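You will see two complexes here that share subunit A, one where it goes with subunit B and one where it goes with subunit C.
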Partner chain A sequence: MELVKSITTPVVLDYDYVTGRAQSRFLRGIAEGRILGQRCIECKRVYVPSRGACPRCAVRTEEEVQVSDKGTVTTFCIVRVPSENLAFNPPYACAAVLLDGANIPFTHVLQECALEDVRMGMRVQAVWVAKEQLGPTMSSIRYFKPIAEPDAEYDTFKEHL
Partner chain B sequence: MRDVAIVSFAQSAKARETRNEVEILMPVVQEAVKNSKLARQEIGFTCSGSSDYLQGQSFAFVGALDAVGAWPPIKESHVEMDGAWALYEAWIKIQTGDVDSALVYSFGKSSPGDLPEILALQLDPYTMTPLWPDAHSLAALQARAFLEATGKTERDLARVVARSLCSAVTNPHAVVSGAVEVEKLLAEPYVCSPLRAHDLPPITDGASAMVVVAGDLARKLCARPVWIRGFDHRIEPLGLGMRDLTRSASTEIAARNAGVHKGVLDFAELHAPYSHQELILRAALGLGDEIAINPSGGALASHPLMVAGLVRIGEAAMRIMAGRGDRAVAHATQGPCLQQNLVCVLEGE
Partner chain C sequence: MAPTEAEHEAPLTAVHHLEYAYRRSVGPVLGRFFAGLRERTICGIRTRAGRVLVPPAEYDPETGDATGDDFVSVGPGGTVTSWTWVSKPRPKQPLQHPFAYALVKLDGADTPLLHAVDALFESRMRTGMRVRPRWRSETRGEIGDIACFEPEA
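Our next item is the complex of A and B:
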């Protein structure tokens, strides 16, 4: 008898995803071309995007603050593995960007930059879609690109690695 | 064995939540911690129960920790089970002597997906899941087998529903409640014969949290701590054809090991998502007609999956803490057709 070595069992599940209050506010901001964070009333850290809570202090975050769309690359990787539904062809750089005014890095893709030039401390800025195409989705930011500013000192972002 | 008591409990339940899991959990966790009179940092262990499949969001169980405040870093664990099993793990952790207190929480958001379909994923992945039997259909198979084997009727199921929904009127966490007549229930159409819509658990989004504490510390914190006097859980084979669906052998064993009948029971909180399952559980637990069943309204009135089992224990504990009973049995179930069952015996100080 020949053993059955594999079977195919398609699984398709549909969900009506609910973002919640804090992420709804964040995505509404993105639709206006603004990046909104929330500040913890106790430790003053600014979370972007916020999930409505400070995970260190265990309190609700309610104070909304707009952060810059410029920031510093704290760490990065070069993606060389192709997969479905990617907006960019590998290889490309994926970076953790500490936006000015935020206390946690934000992950996005880097473009307009040779891969060998990507480095920790590099200053970057968001490139948005055209104003009429803005919507409550992360694809409203196309990617981040390098800007002509001196690299940030390691000490300014070392606690975010 | 160390004596372990429930000192606080909080919950939230709605038919459909628009908040994320952190936003749902945080007020519930904060209420339970505050009422425990322990500071967040004093709690020795944290254990949670949930399943990311329900809301279709990977690592929701990790994200939920934002509601707890895991800083400075905490000792933490998670079970892909109802929160009642998280409580069991916390109870074991306290038994080891490693910690004296624990926070247990659970959350479940069923409304974003098609829950009866999603539950097909907990079946045998080779021979059963590909057939996509929905949870209601499997429960109806069990209900049919039960009615045929015992001579019980659909009227008996309707009586369970009428009593549950009536009891739920005073429960602020019920999503279905009201005075209903058995005749009217029996006139409703079938969803999966012999089950009608009211025989099925209502889709519910919710969360619950509980603080448990050992020995004298519990007496110091709480005027009337509710002691866990017996605790056991048992599982049956996954294949539905391998089990006698008309009884619950795992509940029978767990009940014996937990010592359900070592004292007089004042009431029972049973996690029976489908009306016929309450009758199976009553038989397995040996509960006579004199014992009040589900004063909270039970799972037919509110059923946040992954939460509803811990809620049974919490409801029973709060009732005893309020002086409305001295000794009770609480039960939780998981898996298709009562596959896995947990029994917890509670007693007031």
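Our next item is the complex of A and C:
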């Protein structure tokens, strides 16, 4: 009898994800090619995307602010392990990007850059899909790419690691 | 036309499908169990203490002793030792109409196997009822080769 060596044991979870009001505003901004955050009335930090409240001050965030689609890589990792349904072929870089005007970094994929050149402090900018393809989804931003600006000083982003 | 205020404020929703397609190595003992299912037989393993474990395990859970290779054929009939009724099956469950998840102690086994029982009505289920496997038409060497158990006629 030929032994069975392995079996598939799939785990499948189907969710209806409801974004809530704060993330809905953020995603509707994305559909217009704008990145919106919210500023805390007390500590003045700008959260992108906002969850509708400041986790430090425990107050609702109401003031909407548009932040830049340019930012600074604070940290990054190189993804080398393939898995199903990845939009990019490994190896590729995933970076935490502190957008200009925001106080928390934002995770996205980095492209148009050799992996060995990815570094903390490098300046990057979002590459958007064509205007007619914009929608209320994070895939409206295809990836971030390096731009010709001098690296940010460590002190300017060390609070956000 | 610009959206009304109410439309503009309605939260967005999206379907989020999360799936992990795990592939698990089963080892020589369960490998034999699954190979048996492919041939529509069910096997257990006899421990040194003489108990028959179904599904077979590499170690006796009571003593920690290795079980060796004393495979024994069990079933196909068995007795329900415990059960719970599933009135609204989910998409990946073994049956798409109401059924019972049951512990079935196959004839010759000392431990019960968890599987579905197609009893159609909860009122037909009882502890101690006799069941037999219903085999899938094409077996593949996996637990789903037993489509479910059904009450013995």
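We adopt the following convention: the second predicted complex is superposed on the first by the 147 of 161 C-alpha atoms of A that agree within 3 Å, B and C clash if a C-alpha of one lies under 4 Å from a C-alpha of the other, contacts with A are read in each partner's own complex, and residues count from 1 in each chain.
As a convention for this text, a contact is a pair of C-beta atoms (placed from the backbone, for glycine too) under 8 Å apart; a residue touches a chain by one contact, two chains touch by 3 or more.
Because the structure is a prediction, the values reported are computed rather than measured.
Within the superposed three-chain model, A:E84 lies in touch with subunit C and out of touch with subunit B [touch as defined at top]. Of the two partner chains placed by the overlay, only subunit C lies in contact with A:S6; subunit B stays clear of it. In the overlay built on the shared chain, the residue A:Q23 is in contact with subunit B and with subunit C. Look at A:D14: by the touch rule set out above, it reaches both subunit B and subunit C.
In the superposition on chain A, A:R119 makes contact with neither subunit B nor subunit C.
By the document's definition of touching, of the two partners only subunit C reaches A:P136; subunit B does not. Once both structures are placed on chain A, subunit A residues 7, 9, 11, 13-21, 23 are touched by subunit B and, in the other complex, by subunit C.
Chain contact summary for the complex, subunit A toward subunit B: residues 7, 9, 11, 13-23, 51-60.
The residues of subunit A lying in touch with subunit C in their complex are 1-21, 23-24, 27-28, 84, 136-137. Those residues of subunit B that touch subunit A in the shared complex are 17-23, 26, 29-30, 40, 53, 55-57, 63, 65-71, 109, 111-114, 117-118, 121, 125-126, 129-130.
Only residues 8-26, 28, 30-32, 34-36, 38-39, 91-92, 141-143 of subunit C touch subunit A when the two sit together in their complex.
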